[in-house]
Structure formats: C-alpha cells, structure tokens
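After this come two complexes, each holding chain A, first together with chain B and then together with chain C.
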Partner chain A sequence: MKFGVLINEGPYQHQASDSAYKFIEAAIAEGHEIYRVFFYHDGVNNGTRLATPPQDDRHIPNRWTELAEKHNLDLVLCVAAAQRRGMVDQGEMERNKKDANNIADKFRISGLGQLIEAGIQADRMITFGD
Partner chain B sequence: MLHTINKSPFEKDSLTTCLRYAQKGASILFIEDAVYACTKGTQFEKDIHDHQGDIKFYVLGPDLEARGLDNSNLTTNIEIVDYKGFVKLVADNEKTQNWL
Partner chain C sequence: MEEQESGIIKKFIYVNRKAPHGTIYAHEALEVVLIAAAFEQDVALAFIDDGVYQLKKGQNTDGIATKNFSKTFGALDMYDVEKLYVEKESLEARGLSEEDLSVDVEILPASDLKNLFNESEVFFNF
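Now for the complex of A and B:
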C-alpha cells in the first residue's frame, strides 16, 4: 500500500516529527511504500542541514536524510512555508538573491501541488502536527 | 474510519470533538500526549465507556511507556498497539482523520 505523510510541526517542538519518523519506519518494515513526505508550515524546519543538536540527542534533520537515502524517500518542503522561514536551496538562493542556502541532502523544495498529488496517488494519507 | 488524537484532553478538546463526530464502527487511536485520555479515574473515563459499544479504542504503547504509564494505568477495554499496529490501523481503515 502507498502512504502519503504530511508533517506540520518543526523538529524538537512536540512529538510530531518523531511520531512521523517512527510511523514511516514501521510502514516500510511492513512492506508499504512511502509515496511522499510533505513538510508544511513549521514542518519545513525539519529540512535544515545547519542544525547541531547536543551529541546525546537525536539529530532529526540528519535522521530524515539517512532514512531517505536508505529507502529513496521523496522529502518535499512547501516553497511558501520555506520562504517565510528562511529554508533555502540552491535554486531559491539564486532566485531570491540570498547569500546562502541551508537545505539538507535528500530534501527538495516544491509547491502545494505535490501535497495534493500525494493525496491522489497514495492509498492512505496521514498527518502529524500540532 | 480511523481517528487519531495527539493532544491531552486536559489541554485541548479534540477528544470531545472527535467523539461528537465519530460514527459507529470507527476506531480511535491515542498517540503522543493523548495517551492521558485513556488513563483510569479521569473525567473522560465515562465519555470513553459510553462510546465503547460503537467505537474501538487503541493507545500507542511506546507513547504510554515514554510517560511512565502501562496497562495498569488504563481504563477498561483499551487495546495497546505498537507502531506496527498503528500502521495496520491506517492500512485497515480507508480513511484516517488526524485530530491535531
């Protein structure tokens, strides 16, 4: 079965990002496919490569990148939410004339259409957030 | 239909709202801080019992454990599931409503 996952909450805020991660791990272990993980609102902050949490804490952005590398996940940040919060990839950096980018590996920035498409293509859609 | 609730009923009224909308045959899964909803001796115990004829209640075990709770703290007829069980609930129900 194909699952679409929507994450609306930033890392280290409450528990949504952790719950989503554990859910996706379990879904993959059960043989399901993750069609897309869409990060919306404060959820886009999951995609920064500049985070440095304490060494004895989980590294949430790196954990997403590693899971995506292992299972070829499509991790998408909403472009409007990303722009508001200063989440920038190379293309957005050039387009908006910024002096840096900060997106982690395996994340990409795209539009809300990607969420709608996931809702159409996936068999199940599940939301984690505040 | 599966409903998930992730906030304590002492913080938000999502459990009350969910119970108002959930239909016969639905399942409700408590995750994150919502696990407090199905502990014994709270003001919400009666609400849950009143709906148990129509609705099946589940709680995410790892989130219970993370809060120092276990089966002995729960009100009656609540099934504890792990993440594998969570995935199965989503797969088994055609639609999921996540009350946030």
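Now for the complex of A and C:
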C-alpha cells in the first residue's frame, strides 16, 4: 500500500514525530511504500539541522535525514508554516533576504499543494498529531 | 496556484475539532482548505467538538492580536467549497444554535457524520 504521512507537531515537545518515524519504519519493513512525509504546523521544526539534543537522547532531525537517505523518502516542510516559524532553506533565505538557513539534509520546502497531492496519490493518508 | 492534473477526484473531508484561537490549528487548517480548492476535489468540511466555535458569529480578535480568519468561512463558496457540516451534539453541548453561526451549514447528528466520514477517502483532521 502507498501511504502519505502528515506530521503536525514539533520534535521533543510531542510524540507525533517519533510515532510517525516508527510507523514509517514498520510500513517499509512490511513492503509498503511511503509516497511523501509532509510536515505542517509546528511539525516543520522537525527539519532544523541546528538541533543539539543531549547525547543520551535521540536526534530527531538527524534520524529523519538518515531514514530519508536510506529509503529515498520525500520529506516536505510546508512553506507557509516554515516561514512563520523561521525554517529556511537556501532559496527561502535569498527570497526573504535572511542571513542564514537552517534546513537539514533531505528535507525540502514546498507548498501545501504537496499535501493535497499526497492525499490524491496515496492509498491512505495518515496524520500524526493532536 | 499549483494545479492537479491527475484527473483523479477523491472525497476529501476536513474535520475541524479545535477552537479558533488559543492554538494555530484552526487557522492553518483553513489555509489547507483554500489551497486544496485549486485541485478540484470533492471537498467537505465538518466541525465537531470545540471546532464549532470556529463558525461563531461576531468574532473579534483585536485584543489578542491574531488574525480574525472567521470571515474567510463566508468566502468558501467562491472556492467551490460548499459542503459545511456541523455536529448537532457539539453545538448543543456548548449552548449554541444555528443562529449563532456566521455561515450556512448543515447540522447533522453524530451518527450521520460518522457515515459521512466512512464515505470519505482522504481524511484530514485538525
């Protein structure tokens, strides 16, 4: 089955990102396909490469990057939600004249249309969040 | 606007469960609905629990410096989003009635909403 995944909560504050990670690992292990992982609301904060959690804790953004590298996942941060919360890639940095960017490898920033498209193309859309 | 050219039309349902202010969920959920309109899907919105407050007439957010997006619900028909459902039990539990709402809706009991949810193919809840 082809799954679309929506993550609506930030890392560490909420379990949604952890649960989605475990779900995707399990789904892939069972032979399913992940069409796209879309991060919305505070979920966009999962894509920061500047996080430095304590060494004895999981590194949530790095874990997403590694999972995406391993399984060629499409990790998309909503541009409108990202702009509000200061999640910036090279393109957004230049467009909005910011002095830095902070997006982790394998994440990309794009529009809400990517979420709707995932809903259309995937067999099931699964939401993680409150 | 991004256009979807897959030719696939699915039944989308957006279930709004949260109060309009206090968290950003309701506001950003409405942004999803507006973008989704460009994809020409079969769209319905449902309002349950505190989500019914999103449609309350006469909202004024001046005192909390957030955007009063409640006016946008009145413009949804221009986006061809015309199916708005409100759960009867949620309205009643909050002492609200149809006259308190800012837009035309269909008020359904939870049992009918359940059927609507079962018939939907893409389910987003905010």
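Some points to look at:
Methods note: the second predicted complex is superposed on the first by the 130 of 130 C-alpha atoms of A that agree within 3 Å, B and C clash if a C-alpha of one lies under 4 Å from a C-alpha of the other, contacts with A are read in each partner's own complex, and residues count from 1 in each chain.
One rule holds in what follows: contacts are C-beta pairs under 8 Å (C-beta built on N, C-alpha and C of every residue); 3 or more make two chains touch, one makes a residue touch a chain.
As the structure is a computational prediction, the values presented were derived from the model and not from experiment.
By the touch criterion defined above, A:Y40 lies against chain C but remains apart from chain B after alignment on the C-alpha atoms of chain A. In the superposed pair of complexes, A:F3 makes contact with chain B only, with no contact to chain C.
Legend: residue contacts after superposition of the two complexes on their common chain; A:M125 is shown touching both chain B and chain C.
Once the two complexes are laid over each other on the shared chain, residue contacts for A:H32 go to chain B alone; chain C is not touched.
In the superposition on chain A, A:H14 makes contact with chain B only, while chain C stays out of contact range.
In the superposition on chain A, A:P54 makes contact with neither chain B nor chain C. Applying the stated contact rule after C-alpha superposition, one finds that A:G113 touches chain C and leaves chain B untouched. Overlap of the chain B and chain C contact sets on chain A: residues 8, 125, 127, 130. Note for the complex: chain A touches chain C at residues 6, 8, 40-41, 80-81, 111-113, 115-117, 119-121, 125, 127, 130.
Only residues 4, 6, 31-33, 62-63, 82-84, 86-88, 90-91, 96, 98, 100 of chain B touch chain A when the two sit together in their complex. On the chain A side of its complex with chain B, the touching residues are 1, 3, 8, 14-16, 19, 22-23, 25-27, 29-30, 32, 124-130. Contact residues of chain C toward chain A in the complex are 1-2, 4, 6, 8, 10, 12, 24-25, 28, 31-32, 35-36, 38-39, 41, 122-126.
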